[in-house]
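Paired with chain B in one complex and with chain C in the other, chain A is shared by the two complexes that follow.
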Partner chain A sequence: MSMDGRKHTLLLGALMAPAAAFFLAFWLLPMARLVGVGASGPQGMGAYWSVLTNQNYLTSLIYTFVLSALVTLATLVISCIAGLFLERNRFPGRSLLLAVLTFPLAFPGVVVGFLIILLCGRQGLIGDLTKWLTGEKLVLAYSLSGLFLGYLYFSIPRVILTVMAAAEKLDYALVEAARTLGASPLQIVRDVTLPALGPALVSSGAICFATSVGAFGTAFTLATNITVLPMLIYNEFTNYANIPVAAALSVVLGVVTWAVLALARSVAGNTVTVAA
Partner chain B sequence: MSTSTAISILQCGKTYPNGTRALETVDLEVVSGETLVLLGPSGCGKTSLLRMIAGLESPDAGGRILFGSEDVTAQPPETRNVGMVFQSYALFPNMTVAQNVGYGLRIRRLPEERRRARVAEMLEMVQLSALSARRIDQLSGGQRQRVALARAIAVTPRVLLLDEPLTALDAKLRESLRVDIDTLLRKAGITAIYVTHDQAEAMALGDRIVVMDHGEIVQIGSPTQIYHAPANAFVADFVGSVNRLQGNVQDGVWRCGNAALPWPADAPVGGVVMVRPEDLRLGHEAAGAISGTLTARYFLGNRTRLLVDIGQGAPVLVDTSERGEFALASQVHLRIDPATMIVLPA
Partner chain C sequence: MKRSPLFYAQLGFTLLVCAFMVVPMVLSVMAGVTTNYFVGIKSGLTLKWIVQVWDLYEKTIYLSVGIALACVAITALIGVPAAYVLAQRQGRIARLIEELIVLPVAVPGLATALALIQFWGPYPEFRTSWVFILVGHVIFTLPFMVRPVLAVMLTGNLRSLEEAAATLGAGFAQRFFSVVLPNVRGGVLAGALMVLTLSVGEFNITWMLHTPLTMTVPVGLADSYASMRLETGSAYTIIFFLIIIPLLLALQYWNNLLRRNDQA
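Up next is the complex of A and B:
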C-alpha cells in the first residue's frame, strides 16, 4: 500500500515536471529578473518609488486605471442587459446577431483602433455627421473618449458571452417565485438576477479590467493625446532605453491588476452570502 | 389570519404559440378553504391550469379566472397575492432561510418588527426555527421544501398553489411531509390547489380530486368517489390497480367462471366489469367463485399480492392480508362482493 502510494507520488511528480519546468523558466525567472531590473538603475529600488511619485508616471497610472474601471463598468451594464435579452428571447436572426456580436473577438487591438478612427476620427462618420448637424466637427478618436470607445468595443463581446452562459443556468423558477411573492421586475433584477449573475459579472469584469489595463494595440493606434501605461512602458523601453523604469512600471502594472483580480475573486466568493 | 378565497375558473383553455393544446376549455370551482388536488399523468394539463391560476400563464381568449368575485384574469402574478411552492423549491440561494421566508413581506414593506415576528412564526410552524440563519445549500431536500412552504404561506396568500412539491424527495420523506403539509393546510384553513401525478398523495391530501387526462377534466370527486366509483377506465386504472374481468350477462346476472352476481340495473349495456385487487376474497371452494392457478406471489409486508391466471389473458391481481402458504401452481378460488364491482362503459 505505502509502496503504491510512493509510486503514485513519484508518477504524479514526473507528470507535473514539464508544467513545473515551464512555470519556472517562463514565469518565475523572467518575473524575478523583471523585478531585479526595475531595481538595477541608478536609483536602485528608488525606481519603484519614482514611478509612484513622478508626475508623468503617476498621471499615466491614474488615467489607465480610471479609464479601465470606467470601461469595465460600462461594459458590464451594456453586456448584462444585452446578454439577458439575448438569452431570454428567441427571434429570427438571433444566431446571426450573436455571431456578429462575437466578431470583434478576432480583431487585434490595432484594427479596433483603426475602426474607431474610421468612426470618430477627423474624417470619421461622427465628425461628418456632427459637422452637418451643428457645423462643429466632433473628433473623439484621439482623446480619452476614443480610447474608451475602443476598449468598450473589444470588451463587450467577451462579457456578453459570459453573461449569457450564466443566465442560461439561472433557474427561471426563481424569477417566477419572486413574481408570485409580489416582486416587481426591478426588484427581481436586484434580488434574483444580479445575485445569480454576480460571480460571472465579477470575474468577467475583472478580466475586462485587466485586458483594458494591458491593452496596447488600440492605445498605440489612438493614444496621441494621452499616454496610457502600456504606451508609457513602450516609450521608456524603446525610445529612451530607460529599462529600469520600464521594468518598474511593468511590475506596478502587473501588481495592481493582479490585486484587482484577487480582490474581485474574494468579493465574488462573498457576494453569495452577503447579498440581500 | 386566514384570507382564503373561492376560485372560479371559467372557460379556460391553453394553447401554446407553437400550437400545442395544453388544456382544453375547462370550468372549475374551488371552494374556499378546501384542498383541491389536480391529479393526472405528465402532460395532462394540470400544471398549465395551476400556472394560469398563479398568473404565470394566461388563458386563451375568453377564459376568465375569479378570486372570490374579483376577476384576476388580466392581473400579473405580482398583484394576485398567491403563494406558490415549486417542485424545484425555487429558494433564493443568495438569502438565508429567514430571508427567504421574509422575502414576500419585505416586498410588501412590512415593518421590520412585524416581519421578524411573522418569519419566526412561520419557521416555528414548519419546525425550522433552529435553522433560520442557514444558507439554502446547507439544507436537506425535505427542509428546503418546508422553507418553500413557509415562504409561500408567510404572505397570507389568497390561495396556496403547490406544483408537485414532493416529487423530488424520497418515498419515506414524501410520506412524512405529506402528513405535515396536510396538518398545515388544515390549520391555516387556506384554499390550496395541489398538483401531483402521485395518486397516493392525491388521496391523502385532497378534499376533492380533479382527475385530468389529455388536457381535459375526467372526473371531480372526493378520494373515495374517485377510487370506488371511477368515471371511466382511465380513472380506474390511474388511481390504484384494477382487474378487468370478462363475463356474460344473462337475465340480469353476470357470470364469470362459477361466480354469478346480480347485474346492476343502472349498468351500461356491454359494460366492463372491474374489481380492485383488495376486493377479491380468497375462498375455499370452487362453487360460486372464479377459479384459477396461482402464478406468482409477492409478500409486501402489510399484504401479499397474488397473480392468478383465470384463463383470461392478463393475470388477475389479488391483494390479501391473510397469512398463508400461497403455494405456486395451486388452485385459487376468488369471490367478489357485488358491492365492490365497478361497471364502466366499454
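Up next is the complex of A and C:
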C-alpha cells in the first residue's frame, strides 16, 4: 500500500510539474530578480526608501491611493443600490440592463480611457451638452475627475456582480421578520441587508481598490496632468531608463495590492476571488 | 402589480448607471461611422474609417486571435493536470500552490511585465517574438483555467467514479482520459472562454512586452488613440467590440448553464 501511495505521489508530482516549471521560469524567478534590481541602483536599498522620501514619488503615491479609495467607496454605494434592485425585482428588460452593466468587464483600460474621452473630452457629449445649456464647455476627461470616471467605469461591473451573487444568498426570512417587527426600509438595509452583504462588500471593495491602484491603460489613454503610480513607473522605465527606481516602485505597488487582497481575505473569509 | 415610489427611484438610478455604461459605447460606434465627428452626424455616414483600420491594423487582429487560442491550449494543457493534483491533495503545499498561481493576477500587470523584461531581456530572439507576449498572457490567465476546473472536480462525484474505474482495473491514464476529462468538460469550457476573453483584452502586460512587429488589438487601439483621428480610433473600437462582445455573451450563457445544472 505504501509503495502504491509513493507511486501516486510521484504521479501527482509529474502532473504538477509543467505548470510549476512554467510558473517558476516566467514569474517567480523574474519577480525575485525584479526585487533585486530594485536594490541595485546607485542608491542601493535607498531606491525602495525613495518611494517615501522623494517628493514626486510620494505625491504620486498619495494621489493614487486617495483616488482609488474614493473610486472604491463610490463603486460600492452605486453597485449596492443598482445590484440589490436588480436582484430583488423582475421586470421586462432586466436581463438587458444586466448585460449592459457587465459588458465593460472585459474592456481593456485603454478602451475605457477612450470612452471617457468620447463622453467628456474636448469633443465629448458632456462638453456639447454643457455648452448648449450654459454656454461654457465642461471638459473633465484629462483631469482627476476624468480618471475618477474611468476607474468607476471599469469598477462597477466587477462589484455589481459580486453584490448580486451575495444578495442571491440573502435569507429573506430575516428581511420579512424585520418588516413584521415594524422596521422601516432604511432600518432593514442598515441592520439586516448591509451586515449580511458585509463579506462580499469587503472582498469586492478590496479587489476594486487593488485594480484601481494598478490600473495603467486608462491613465495612459487619458494622459492626465496627474501622474498615478503605474504611469510614474512607466515613465521612469521608458523615458528615463531609471530601471532600479521603476523596479522598486513596481515591487512596492505589487506588495500593496497583494496585502490589500490578503487583508480583505482574512477579514471576509475565503471569498476574495480576484477578477481581472 | 402596483410598484412603490421606492421601486421607481431605484429603477431611475439603475437606468442612470446603465446610461453611464452604454452611452460612451454608443458614442464610439457613432463616431466610427461618421464622416466628420466634429461636424456631427449630418456630415454623413461612412465605412471608410473601418476600411482604413482594416488596412492599418488587420495584422493585430490575427495576432490577438492566434495568441488567445495558443493561450487557451497552453493553460488547458498545464492547468487541467495541475487542477487535478490540487483536487486530490488538500494539504498545506497544495494551498500554497493555489495561492502562488493567483499572484500574477493580484500584482499589477506592469510589475509582471517589468520582471519578465528584466529576466528574459538578454535573450533578444525570445524577447522580440510574439511568444514573449504569449508567455505573459499564460501567466496572467492560468488561474482562470485552474479555478473553474478545480471547482467542478471538487463538487462532482468524480472521486467515487474514479475509484469505481480503478477497482474495475482501469490504469491512471485510462481513468484520466475516459473518466476525469469527460466529467470536467464544463469547467474546461468555462475556463477556456474566460481565458480567451482576458487574452484578447489584455493591455497592461502586453504594452510593455510588444514590439512594433508584435502588436495585439489592445496595443493597436492605444496606438490609434494616440496617433489617429478620433473617427479611426472609434472605428477600431467597433471592431474590438465585435470580437469581445460575442465572447462575453458566450461566457455569460455558459456560466448560467453550469450554475443551473449545479442547482438541479
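Everything below uses one rule, namely that the second predicted complex is superposed on the first by the 264 of 276 C-alpha atoms of A that agree within 3 Å, B and C clash if a C-alpha of one lies under 4 Å from a C-alpha of the other, contacts with A are read in each partner's own complex, and residues count from 1 in each chain.
Just so we're on the same page, contacts are C-beta pairs under 8 Å (C-beta built on N, C-alpha and C of every residue); 3 or more make two chains touch, one makes a residue touch a chain.
No experiment lies behind these values; they were computed from the predicted model shown.
Once chain A of one complex is fitted onto chain A of the other, the partner contacts of A:A173 are limited to chain B, with no touch recorded for chain C. Contact with chain B, but none with chain C, is seen for A:G182 once the two complexes are overlaid on the shared chain. Looking at the shared chain after the overlay, A:G113 reaches chain C, while chain B stays out of its contact range. Once the two complexes are laid over each other on the shared chain, residue contacts for A:A196 go to chain B alone; chain C is not touched. Of the two partners chain B and chain C, it is C that touches the larger number of chain A residues. Applying the stated contact rule after C-alpha superposition, one finds that A:W258 touches chain C and leaves chain B untouched. Once the two complexes are laid over each other on the shared chain, residue contacts for A:L11 go to chain C alone; chain B is not touched. Annotation: chain A residues 273, 276 touch chain B in one complex and chain C in the other.
Looking at the complex, you find that chain A touches chain C at residues 11-12, 15-16, 18-20, 22-23, 26-31, 33-34, 37, 78, 81-82, 85-86, 89, 91, 97, 99-111, 113-119, 123, 125, 152-153, 156-157, 185, 210, 213-217, 220-221, 230, 233-234, 237, 243, 246-247, 250-251, 253-254, 257-258, 261, 273-274, 276. Taken in their complex, chain B has these residues touching chain A: 54-56, 76-84, 86, 88, 90-95, 99, 103-104, 107-108, 135, 151-152, 155, 161. Within the complex formed with chain A, the chain C residues making contact are 6-7, 10-11, 13-15, 17-18, 20-25, 27-28, 31, 37-38, 77-79, 81-82, 84-85, 88-89, 97, 100-112, 114-116, 118-120, 135-136, 138-140, 142-144, 146-147, 172, 197-198, 200-204, 207-208, 218, 221-222, 225-226, 230, 233-234, 237, 240, 244-245, 247-249, 252. The part of chain A that touches chain B in the complex is made up of residues 171, 173-174, 176-184, 187, 191-192, 195-196, 198, 271-273, 275-276.
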